[in-house]
Amino acid sequence: MSTPFHTSRLVEFADTDMAGIVHFVSFFRYMESAEHELLRSLGFSVYTEIDGVPISFPRVAASCEFDSPARCEDTLDVAVTVRHVGKSSITYGFDFSDDGRDVAHGTMTSVCCRVEHGKPPVSIPIPDVVAKELKLLAGA
Amino acid sequence: MSTPFHTSRLVEFADTDMAGIVHFVSFFRYMESAEHELLRSLGFSVYTEIDGVPISFPRVAASCEFDSPARCEDTLDVAVTVRHVGKSSITYGFDFSDDGRDVAHGTMTSVCCRVEHGKPPVSIPIPDVVAKELKLLAGA
Amino acid sequence: MSTPFHTSRLVEFADTDMAGIVHFVSFFRYMESAEHELLRSLGFSVYTEIDGVPISFPRVAASCEFDSPARCEDTLDVAVTVRHVGKSSITYGFDFSDDGRDVAHGTMTSVCCRVEHGKPPVSIPIPDVVAKELKLLAGA
Amino acid sequence: MSTPFHTSRLVEFADTDMAGIVHFVSFFRYMESAEHELLRSLGFSVYTEIDGVPISFPRVAASCEFDSPARCEDTLDVAVTVRHVGKSSITYGFDFSDDGRDVAHGTMTSVCCRVEHGKPPVSIPIPDVVAKELKLLAGA
């Protein structure tokens, strides 16, 4: 059983659009931020060096379904679930709600990569110490 | 057979992130812009009034897979396909490429809604004149 | 003497650009968010109704000078000063720093407006209860 | 006499906010894009290498005043003026209008820098070939 990681997100004015609600791309920003907060909670960072190698987690896929609108100054609950930990990739699930009302739910798959500037990212195995923590969260 | 609608998108500096490549949320902005350009090409607009009713197309789902990085000042080719036209909803496919190289591909489902400010969007049938054009593009 | 209002801002990955630092437009988002947090601290909101009139604070001017780069996962200190409270307008100053290092400083002038959808914003006097609190902060 | 460089900008849905108009930070994105388009028109790029040195133009200051709202699908005229060319810095002026109506006007000062990843930007003289062209535009 996966244990969700919970965080919250205040909707800012700049996140809205002329329809008066949160613009859909804002949810992808929220997902990324929650992913990074989860990594920080494990003592890790989204952009770090391990043994002199710059490591980051570009995403290979992201999706979101929108159930009901969120509005400026709503404080959304964000539940992050680690769904799968592969050799290099991590798949997360995200559930956004506001006082129990479903707002949106999404998924994202990130890949652990060596990211040297000016070169294409190269996937590498997730460092053991991180993989171990993520697998605990995944309930694997 | 669906007929793709083609447009292009210049990658701007502000669309990139510290990994030196286009940030993934930018692709969702690109998809929305291409969708709206397609609507304009049919003489329609993303936010208009029909018989005094404000009409817009909030999305209920969006997804994207990222095949290879795009960089600042790349000019991406964007092929938009109308995959399905329902009573109220439209599903689009998007293929991003750069000189034949696959960059990303995504989907988005938008719903034709009456959007009165301060009220939740209410789905309504796609106006006949628009639905007809979209179905032609969908090859239905 | 003006009393600064302090808040902090975590730099997110999406706020950066390919130069590896915070993109300059992010600072304008940070300023707006700090302004709104200050308004909330006074029991007010950036988008509310007073006596049935929708009130908001569009800005008429914004500027920022950039002293040194900020990076992903920096936690910036943001000091907001109320510099001037006019009949309808408020001018704020913003000082961003990171552990004592100057990062950026900016100003913004917002105007209290009736904002009915589809009509141009119309400036109105700042409600007394808000003006009084802002003037206290301004040291006026 | 300075010769303005003209470009245009289509306002996209994602550039708007819940007040129904273009969000103010969008204008700073528009300014940056127009600056880069001007550089490209001179055969230059915002992020390039000269003699193996990565060159970019981080900004040290930006400001904008907002005269009247812009809305989704407006096509703004953008007039860029080169106001000053220093040893390392360039100051631009920007005038946004819509069918002759003033929308916004701003300024931006960028500094030619060597930008090696992970190091602070270091200002360097603007390459002669670029400085010469910019000075022609500045009417100096």
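All chains are identified by letter, namely A, B, C and D, in their written order; residue positions are counted from 1 within each chain.
To be clear about the criterion, contacts are C-beta pairs under 8 Å (C-beta built on N, C-alpha and C of every residue); 3 or more make two chains touch, one makes a residue touch a chain.
Fair warning: this is a prediction, and the values are worked out from it, not measured in the lab.
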Contact-richer chain pair [A-C vs B-C]: A-C
Taking each chain's C-alpha mean as its centre, the one farthest from chain A: D
Between chain A and chain B, centroid-to-centroid distance (C-alpha), Å: 24
Cα-centroid distance, chain A relative to chain C, in whole angstrom: 28
Chain B and chain C: spacing of chain centres that average the CA atoms, whole Å: 33
Multi-partner residues of chain A (each touching 2 or more other chains): 13-14, 18-21, 25, 29, 32, 47, 72, 117
Chain B-facing residues of chain A, complex: 18-21, 24-25, 28-29, 32, 47, 56, 58-66, 68-69, 115, 117-118, 120-121
In the complex with chain B, residue positions of chain C that touch it: 13-14, 16-21, 23, 25, 71-72, 117
Residue numbers on chain D that touch chain B, as the complex places them: 12-14, 20, 29, 32-33, 36, 40, 45-47, 72-73, 117
